[in-house]
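Each of the next two complexes has subunit A plus one other chain: subunit B in the first, subunit C in the second.
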Partner chain A sequence: MIRRLALAIALLMPGAALAETFSAAEREAIREHGPWPQAALSDPTNRFSGDPGAIAFGERLFFERSLSAEGDVACAQCHRPDMAFTDGRKTARGTADGARNTLSLWNVGQMRWFGWGGASDTLWGASVRPLALMAEMGAPPEGLRARLRQNAALWHDYRAIVGQAAEDADGSAVTATVGKLLAAYQETLISPRTAFDRFRAALLGDDPAGVAAYPATAKRGLKLFIGKGNCNLCHAGPLFATDGFESVGMPHFIGPGAVDKGRYGDLLTFRASAMKASGPHSDAPGPMLTDQARLQHKDFGAFRVPSLRQAALTAPYMHNGALPTLEAVIRHYSDLDMERLHADGAAILRPLHLSKSEIADLVAFLETLSAAP
Partner chain B sequence: MRLLTVGLLCLAWALPPAAGTAGAADAGDLPVIDAHIHYSHDAWDMLPPDAAIEALRAAGLSRAFVSSSSDDGTLMLQDLAPDLIVPVLRPYRRRGEIGTWHSDPSVVDMLRDRLAKRRYAGIGEFHVFGADADKPVIRAVVKLAAEHRIFLHAHSDADAIRRIFMQDPGAHVLWAHSGFAHPEDVAAMLAQHETLWADLAFRSEQARGGKVDPEWRKAFEAFPKRFMLGTDTFAPERWHYVADHASWSRAWLADLPRPLAENIAHRNAAALADWALAK
Partner chain C sequence: MNGRRRIGASAVLLACGLSLPAAASEVCARLPEAKDVLSGGGYELSYRTEPEAIRLNAPFALLLAVCGPEGPFAGRIDIDADMPAHRHGMNYQPTFDQLGGGRYRAAILALHMRGDWRFRFTLHGADGPVRLDAPFRP
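Presenting the complex of A and B:
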């Protein structure tokens, strides 16, 4: 009865009625963005994946400053749990200022490539990169092993999980293991259901009251997202991401005479890395699809298509944190400078020329993809 | 399962080079001419002219075809390094004219004025597609190129290239990006038009892992004097890609017989530049 009443009220309101109505094609597009949450994925290259003891110890390591070179930086410093696992800064600051914005760790276990340029194909590989990078935690492998051993309590518990292998391992192996423990914890970071997920379930489940509860402005924004904007071509699926890399016209100078090469540079880094799925530290070594990723000219200056889940909580935006708000991001696409994109590059990108109200609607929609845990 | 094992496919990668690479070049030392460089106004601050020249030399380029929005960028570089820069006159006064220039008659006056003052090897790189190539501005540009005996650097589809040759069967045309066409179609165009050359800028598919794709190899072998290299610095940041691009190109050129590799690396571009500049 309540559902019928809600539907009747909606039909009596001409302005809202348009937003209430979704075509079969729109419903299908909306279906693609769920269900949520997705089942947690197990990583065969990480023997600690899904292990409750390892997850708990990985969480402890996540907050552990003693792993860094000077004992003053923890993963949680840039990936703050109270800030959706980001830091609110334009670019990260570890032991020194970095050049890239801190990516949120929400749903990171669902990815295939990690980081803005995909320098890693495993979460554990991605987790040890900041440990070793001087600008982040500045702890090269041998130093990390020594520091771990110096902390008696930490070493004791590490040994309890890793076993006798901990004693015999060299610095590189210890680093990989620390990465795997950190990854085991991060795999559990799955963002909560959101207003959008409830709306989607209501729409597909023929629940007019649930549909009506979703704000009209968000509905209009959703229609733009899957319609005029074609945003869902890249921000696809339940994650609102493709796990791919694109150049979207963002400048990528990092100073006079220096650029962030993006995917191009990071793919080269990946190829040279031992901390990858097919590498010597993998628990399921062997040829991987990721090893075949092809270096292309378009990769230069291309960056990750980030997930939009929890995006409202992770400002500022883009690989260099140059855009302070979701509205600024949408304006970037609305006024896209086509000459910064190659004429035959990402052909789906065109200036959207959105009105003020359309921008507000898109922001309203994007906000419904986030929820406090 | 997130990570898929693809043993067979990867084993193929590990195989030694395929037949047909006998006599392949050791291309690490190849001089390279980059036929597709822009030095537009938004690059001038982050990469001043002396730094731009240094970047080209550091990439091991022997020459570079440069066209810029505005043309002043090209002239700044040529004044600093006349031995290195092959000036190509771009019909854009600043960014943002890609889609409008061919309907703007004042472009022709600008080109005529510039051509009267300096020697250029070509006009371009310009963008024109399909029937737009028959517009009066394009017709005037084709005429100007013929008058000055210089080439046209056209970012165009095959249709527009054909229309240019209809206007002037003797036109010399450098087809930017090989029209982003399939190698078979590029070869067909080259067969049809004897004064058509093709640059490989922003094309990645002609080689993989240093090995030349068989279809492209066929095109290169059929037209050994018609292909050339190019980076395309369409955004200022891409100046920092010129050296990477030259290295990448040398890697796949090494999979070709040395004479063919040398043609694509520099001889074909040098011949076109020398034809245009030797007056």
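Presenting the complex of A and C:
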């Protein structure tokens, strides 16, 4: 009865009916953004991946301030669970001010590269980078082991999980293990189903009532997202992201004479790192796809294509947090300054010249990709 | 985590640089169940992907069979893929195994964007390089 009523209403309202209608190509494009959630992935390079005890201990470490150099900074300080695992700031502040916006940790276990520039190819490697960086937690490996041992309760439980290896490990190995325990917890951070996911299921399952329940403005925004906007070229698949790094016309100067090299600099950092999937601390070392990543000139000033899931909860936006709202992000692409794009970069971006109502529709659509846990 | 797949411990043969045409008597066969067959400069190149269906961002391999005027090709092949309309290529450098009999296997390819791609094969034969392009849509 409800389905018939929804159908009747749709037929009586031509404008609304247009929004209800999706072509075969549009349905196929929408299909690619699901299903959600995706199956949990296990990380073979992390022996603690999926281990319940390690996950629980990793969560404890996530909130543990004593790991930082001065005992005053925890992972959860920048990655606040009550703020979609971000901090609401333009750029992160650990022991000092950083240059980049704090990325959300939702669905981080589904990624191949980590951080804005992909300086890590493992979640555990990415998790220990902030520990060591002076601007974040300032805890070099030698000190981390000592601080763990100073906390008797923490060391006791750490030993219970890690075993005898805890006693024998040097600072670097302890750092990798701490990263793996933190990663085991973060892998469990999978964002909930959203209004979009329910709509997608209804559309593909021929459920008119479910389709009708999705706001018309979001439907128009979705059509723009997969149509005129071509947003789904980069924000693809169930995560609404790709493996890529792009230069999208955001400034990368971070101070007088200082530049954030983005992917270019971070790929070099990755290559020099021991905390990677093919490195000595990996639990499944060997040649990896990520070792074959090309260093390209276009990577200079390029940053990751972030997932749009939970994006409505993670303002401000872009690698430097320069854009305060989703509307500002869409306006950035609508009025894109082509002079700011790489001359040898991907010829994907063009100013979209969106109308005010189109911008509102795109915002409405993007908001349906987020949901409170 | 899907990036943490191992790649084969293959020899990288990109740098061998010489064209070594096989004996004329050697039989050169087109690849069974080829996705496409390309011709040019006296060469015929057939290829298929492994797996057959390519997922966005997921590593895959290309199996090639290359026949020259004198039989199975045994020289250097460069391979790349790009999106002409977007003016960008792959983010990863492929590795090669030369399997003999004109067969090659290129691994560690990954296409990170939906749309029209083009595989670009450059055969370095005795008479200079020959490029064969194959449009491809994952």
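Just so we're on the same page, the second predicted complex is superposed on the first by the 371 of 373 C-alpha atoms of A that agree within 3 Å, B and C clash if a C-alpha of one lies under 4 Å from a C-alpha of the other, contacts with A are read in each partner's own complex, and residues count from 1 in each chain.
Convention: a contact is a pair of C-beta atoms (placed from the backbone, for glycine too) under 8 Å apart; a residue touches a chain by one contact, two chains touch by 3 or more.
What you see is a predicted model; the values in this text were computed from it and never measured.
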Contacts of A:Pro44 with subunit B and subunit C, given as first, second, both or neither: both
Touching partner for A:Arg112 - first (subunit B), second (subunit C), both, neither: both
Contacts of A:Gln292 with subunit B and subunit C, given as first, second, both or neither: both
Which superposed partner A:Glu339 touches (first subunit B, second subunit C, both, neither): first
Partner chain in contact with A:Gly301 - subunit B first, subunit C second, else both or neither: first
Which superposed partner A:Arg271 touches (first subunit B, second subunit C, both, neither): neither
Contacts of A:Asn232 with subunit B and subunit C, given as first, second, both or neither: second
First, second, both or neither for A:His252, with subunit B first and subunit C second: first
Which of subunit B and subunit C A:Arg27 touches, first, second, both or neither: neither
Those residues of subunit A which subunit B touches in one complex and subunit C touches in the other: 41, 43-45, 112, 121, 277, 284, 286-290, 292, 294, 296, 298, 344-345
Touching residues (chain side subunit A, partner subunit C) in the complex: 32, 41-45, 109-113, 121-123, 232-234, 236-237, 242-245, 277, 284, 286-290, 292-294, 296, 298, 344-348
Residue ranges of subunit B in contact with subunit A within the complex: 1-7, 9-11, 13, 46-47, 51, 95-96, 98, 127, 155, 177, 180, 202-204, 208, 232, 234-238, 240-241, 244-245, 248
Parts of subunit C lying in touch with subunit A, wherever the complex brings them together: 1-9, 56-57, 59, 83, 85-88, 90-95, 108, 110, 112-115
Contact set on subunit A toward subunit B in their complex: 41, 43-45, 112, 121, 251-253, 256-259, 261, 264, 277, 284, 286-292, 294-298, 300-301, 337-340, 342-345
